[in-house]
Structure formats: structure tokens, C-alpha cells
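In what comes next, chain A is part of two complexes: it sits with chain B in the first one and with chain C in the second one.
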Partner chain A sequence: MSHIVSPLDSGLQSPQPNTLEPDTLAGRLWAAGELGPIDDLMTAAVSSLKLSDAELADLRLYAEERSWAIQALAEAFQQPEDEPDLYPTIASFWLELRFDWQRHNEVMNYAATRMTPLPRVVGHGAVSSAILGRLEDLLSPQHRDQLSQHAIHLLEGVLPASYHAANSS
Partner chain B sequence: MMVSASRLAALVRDPEFADTVLAHGAAAAVSPEDMSRLTAYASRRRSAILDVCDALGAEGDEDDFYRTLAAVWLELRFEWQRYNLVSNYGTVRHGFSSPLPLALASASSALMAQVESLLDDAALARLAEFAAQLIEGTHGLLSSEPAQDPHASGRVCCRAEE
Partner chain C sequence: MSFVNDTILANLPNMSRTEADAAPIGIVQVDDQGAIKLYNKWESEMADVPVTSAEGRNFFTQVAPCTNNRLFFGKFKDGVAQGALDTEFNYTFSYKMKPTNVQIRLYRHPSSRTNWVFVAPRAA
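Right, the complex of A and B next:
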């Protein structure tokens, strides 16, 4: 398998890490977005998958993009007075990543039961999961549970009336 | 009427789909390198939506397809808001913001418009209200005191009940 991209190979310009205090929420968010640990998790997750070079390159781009997005958010909210606004933004980012991971899972499960499994989607799901795990520590477990439950409930109730009518007929 | 996967697939297969996404990059004057990032973003989004259409497009999967579509809309809504915030805070704090977050916000918005054209108005209103409240920090989900996280610094800000 090809070597996964290192932070130095990334084409995206990272913000300046040294300006962020490591004990602040922004500093911890920055650390969560470091590409090195994400690389390690990704390498371990996709090592058993038979991915083409093009699919691996696509996964690398995806991990880089996510890493950059996390660190760009940390840099934008780096002032102490930004912290009250940063926490709900991390919460919505976490949910965004969760929906991403969930979608890959959904596609993977349907694909596995109906057609040939898609290693490319499995790989994306694994990378999503790794990145999700990095952000998870920044939110309280209680908030994560509440967000997950609410999102599930919201999506359960999202079907229009015409769907219910069709299902009952 | 139920939303068919083929309708969504036709929308994203339309050559205008990628053009619309990339036009926002051109408008934001991103560098050629960032434009290639934006191209990769559009391609990844297109591929992800087509994966959903392929996997959940069979008869009998309509409910799951619709829910997944709603989740995709929420994902794009959060992404759009996040990139807008990064761009706005960057401008306010530093007087300058890289054009890439703004271009990505515009691209998310263009994709969101495509997906929401297939969703029911009432459902969309509920999803939009939830997203707005969560991002503004006014949703009750973040209002309770979180359990103590041993890894958290004392400076993590949560919306504790007054």
C-alpha cells in the first residue's frame, strides 16, 4: 500500500499552530485536527482494504481537507472571548461529521446486501470515524448523547404525510 | 409524491452541477491550487450523492432514502455555516480571510439548494430551525451542565443553565 500523505505534503496552507494555547478550547481543537494522528488512524483503518491508488489519493485529499477545516476553525476562534461561540460550532461540526459517517455506513450496508461491497466507501467511512473520534473528546458525553438522540428523532419524523399515506395503503 | 433517487442522480449528473459549484470559486478569486481543491470537493460530493442514489434507489427504500437526503441537507447546512463563520471571524479578527472558506461556503450553499429542492417544505423548516438554534447555541441540547470530562480544560465553555 502507498504511504499516506504526511502533513508536510499537504497542499493546504495550515494556520499558525504556535499562536494557539494548548489548554484552550481552540488549542485543543487545533490538536484534534493534526494530520499526523489522523494519518495513522487512516493507515490502520484502510490497510486491509483493496483500494486503488486513485481511491487512496482521494482518501488522502479527504483527510487533508478535514484536517485543514478543523484547524481553520480553531484559528478563526482563537481569542478567549470566542470560546462561548466555539463550543456550539464544534457541536454542529461533530454532528456534521456524524452525518457524513452515518451516510457512508448506510451506503455500505445497502451495498453489502445488494451488490458488491464498495471498499472506497468503507475507506471513507473509516476515515470519517477516525476524525469524528478526534473531535469527540471536545464535547461532553452528555451533549453528544443529547445531540445524537435529537438528530435521530428529528430524522425519524422528517417524512412528509404523503409517505405515511403510501406506507399505510 | 415520493422523491426518487433517479431525480437526485439526474440533478448531480447534470454538467451544470459542477460548473455551478466551481463558479463560486472563480467568483471568490481563489488561487489555482485552491481551485483544484474546490474541484476535488465538488467531485467528492457528487460521488457521495450518487453512492446514496445507487445504494438506496430501489423500490421499498424510499423512506430511508428521504431520511438520508434530509441528513445530507443538514450536513451541508452545518458545513455552509461553519465556513461562513471561519471566513467572518477571520475577517473580523485579522482584517483578512483566505478566499477558500468563502468559496467552500458558496459551494455548500449551491449543493444545499439542489438537495432542498427535493425536500418537503415543512420538513425543511424543522431541519433549518434545529440547525440555526444549534449553531447559535440557543438550542436546549447544549443548555445543561455537561458531565465533567477529565480531559477537558477548565476553560471549555458550555451553556450552563442560569
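Right, the complex of A and C next:
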């Protein structure tokens, strides 16, 4: 019987204690999604940002949702024979987080050039980056590089028609 | 006034690793494509990236992917293409680290045609 509780149903109850074998990929994934260390990373990352209580609560919900999603994945793929499917799903989740972080990174830096800092965006970027780092440890260095390069090359040349019109000779 | 003093700039083509590691700012030498040729101690500690993990890899796409955009890498590429690069701007590093406000200077040394990324902390 699943003991995973959806954040939408529960108001984000803490997950049940981990029953997964710690040395398995699913067990290590569960550990990567533990809210305590993620919360610690988040607190350290946003300590210098001027965030309101509401913004901090929003950021904590953002972190909790991702923690829940990671542990739901671990629990769903917990059998040893699931590992060939779990590993690429982790890679997919990593890509999803990377694109999330990338968007926040672009927004925070472009906003800064216009002298309109967005601490809430900086906070979200910091949290997605921290969680990204925890998932990244489950992938081989070769796959991390491969996925990063694919993520970059995927968007190369994706430019609006107005850019091509302005730059055509 | 730049955070990179004239002594550092004057010494650039011949800067030893010891001299680079003694600097109180980040000093990264990259080739025209962005591959790191020298990554100094200050930068390594700020980014928490070992020197051996950085050198030989691309600064903009592999070591500091938060710089892979028109604001940063775009300026570098434009400068290299024009054969002239000397620009300073503010930036926030954010990849797998606490958001860190920095000053950046991208510089192409004219006579040696070597490329440099200088990094220093900046108050918010």
C-alpha cells in the first residue's frame, strides 16, 4: 500500500520513513529527495535575499513539491528490475530541473541589467539549482555532460523571425 | 575604476600560475572558444570547482553554465570576433551555488590575443 501523500491532498505532510534499501538507486534517490537537507540548502541559499514571509513560504512549498516528486519516483521504481527505467527517468527529471533553473538564471540576470532585481526569482533559481545538484550525484559524469550539452544545443539557433529579418544581409 | 588593476593587466601574457593563485580576484584564461587554459585558486574556491575539473573544459557551457547567454558568453563571442574585448558588468552566479553577486571583466589582451575572465565579489 502506497504511503505517498500528494501535496495537493495533504498540505504537504512529511513522507513516511524510508523503507527502500539505501544502496539501491531508488534508495539513493529517496535520500536525495529528503526535505531536511533540501531545506538546509534553501535556507543557506536565500539567507542574503530580502524575501517576505509569504515569498519564503512559497519557496518552501516549491522545495517541498520537488522533494515529494523525487521520493514518489523512488517509491514507484523501487524494485531492482526497475532500475533500467528509473535511471533515464532520473535523467529526465534532472533535465526538467535544469531548464527550470536556466529560466530563473536568465530572468534574474536580465532583470538585473534593467535594475529591477527580482529576489523571488533568485530564490527559486537557488532552490532548483540545489535540488539539481542532489539529483546530479545519481548520474554518471559522462551522462551529466551529455545531457548538459544536449540541453544547450537544443536551443541553439532557436531565434525569432524578427532576429533573422534584422540580421539578414 | 576597474577592479582589475593595471599591474595584473600588464603582467597577463606571462602570468604564472603562482602569480594567478596569489591574486585576490578570479582569473580565468580561456581560448577563443571558451576552453579554460588557466583557472586560478580564488575562482576555484568561489565556485567550489577543483582546478583539475575546470581546466580543459569550456567555461561558458560546462564549468559555469549560468554564463551561457547573450549577456555573458554573447559579449565574449562578439569581442573575440571583433578582435577587441574589454567590458565590465555585474552578474549573479547561480549554478549549484548560493546566488553570488559578482563583477565581471572580459578582456582580450591585444598583443598576445589571449582571453581573460576576471571575477570579483560585489555587494548586492
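Assume the second predicted complex is superposed on the first by the 140 of 169 C-alpha atoms of A that agree within 3 Å, B and C clash if a C-alpha of one lies under 4 Å from a C-alpha of the other, contacts with A are read in each partner's own complex, and residues count from 1 in each chain.
Quick note on the criterion: contacts are C-beta pairs under 8 Å (C-beta built on N, C-alpha and C of every residue); 3 or more make two chains touch, one makes a residue touch a chain.
On a predicted model such as this, the values are computed, not experimentally measured, just so you know.
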{"item": "Partners on chain A (chain B, chain C) - clash or fit", "value": "fit"}
{"item": "Touched partner set for A:Y110, first chain B, second chain C, both or neither", "value": "both"}
{"item": "Touching partner for A:P160 - first (chain B), second (chain C), both, neither", "value": "first"}
{"item": "Which superposed partner A:L49 touches (first chain B, second chain C, both, neither)", "value": "second"}
{"item": "Which of chain B and chain C A:S129 touches, first, second, both or neither", "value": "second"}
{"item": "Dominant contact partner of chain A by residue count, chain C or chain B", "value": "B"}
{"item": "Least Cα gap, in Å, left between chain B and chain C after the two complexes are fitted on chain A", "value": "8"}
{"item": "Contact residues common to both interfaces of chain A (with chain B and with chain C)", "value": "102, 106, 110"}
{"item": "Complex interface listing, chain A residues touching chain C", "value": "44-45, 47-49, 101-102, 104-106, 108-110, 112-113, 117, 122, 125-126, 129-130, 132-133, 136, 145, 148-149, 152"}
{"item": "Chain A-facing residues of chain B, complex", "value": "1-2, 33, 37, 40-41, 44, 48, 51-52, 54-56, 58, 61-64, 66-68, 70-72, 74-75, 78-79, 81-83, 85-86, 89-90, 93, 98, 101, 120, 122-123, 126-127, 130-131, 134-137, 139, 141-142, 144, 146-147, 149, 151-153, 155-159"}
{"item": "Residues of chain C touching chain A in the complex", "value": "61-62, 65-66, 68-69, 71-72, 89-92, 94-99, 124"}
{"item": "Chain A - residues contacting chain B, complex", "value": "11-13, 23-25, 28, 58, 61-62, 65, 69, 72-73, 75-80, 82-89, 91-93, 95-96, 99-100, 102-103, 106-107, 110-111, 114, 118, 121, 124, 137-143, 146-147, 150-151, 154-160, 162-163, 166-167"}
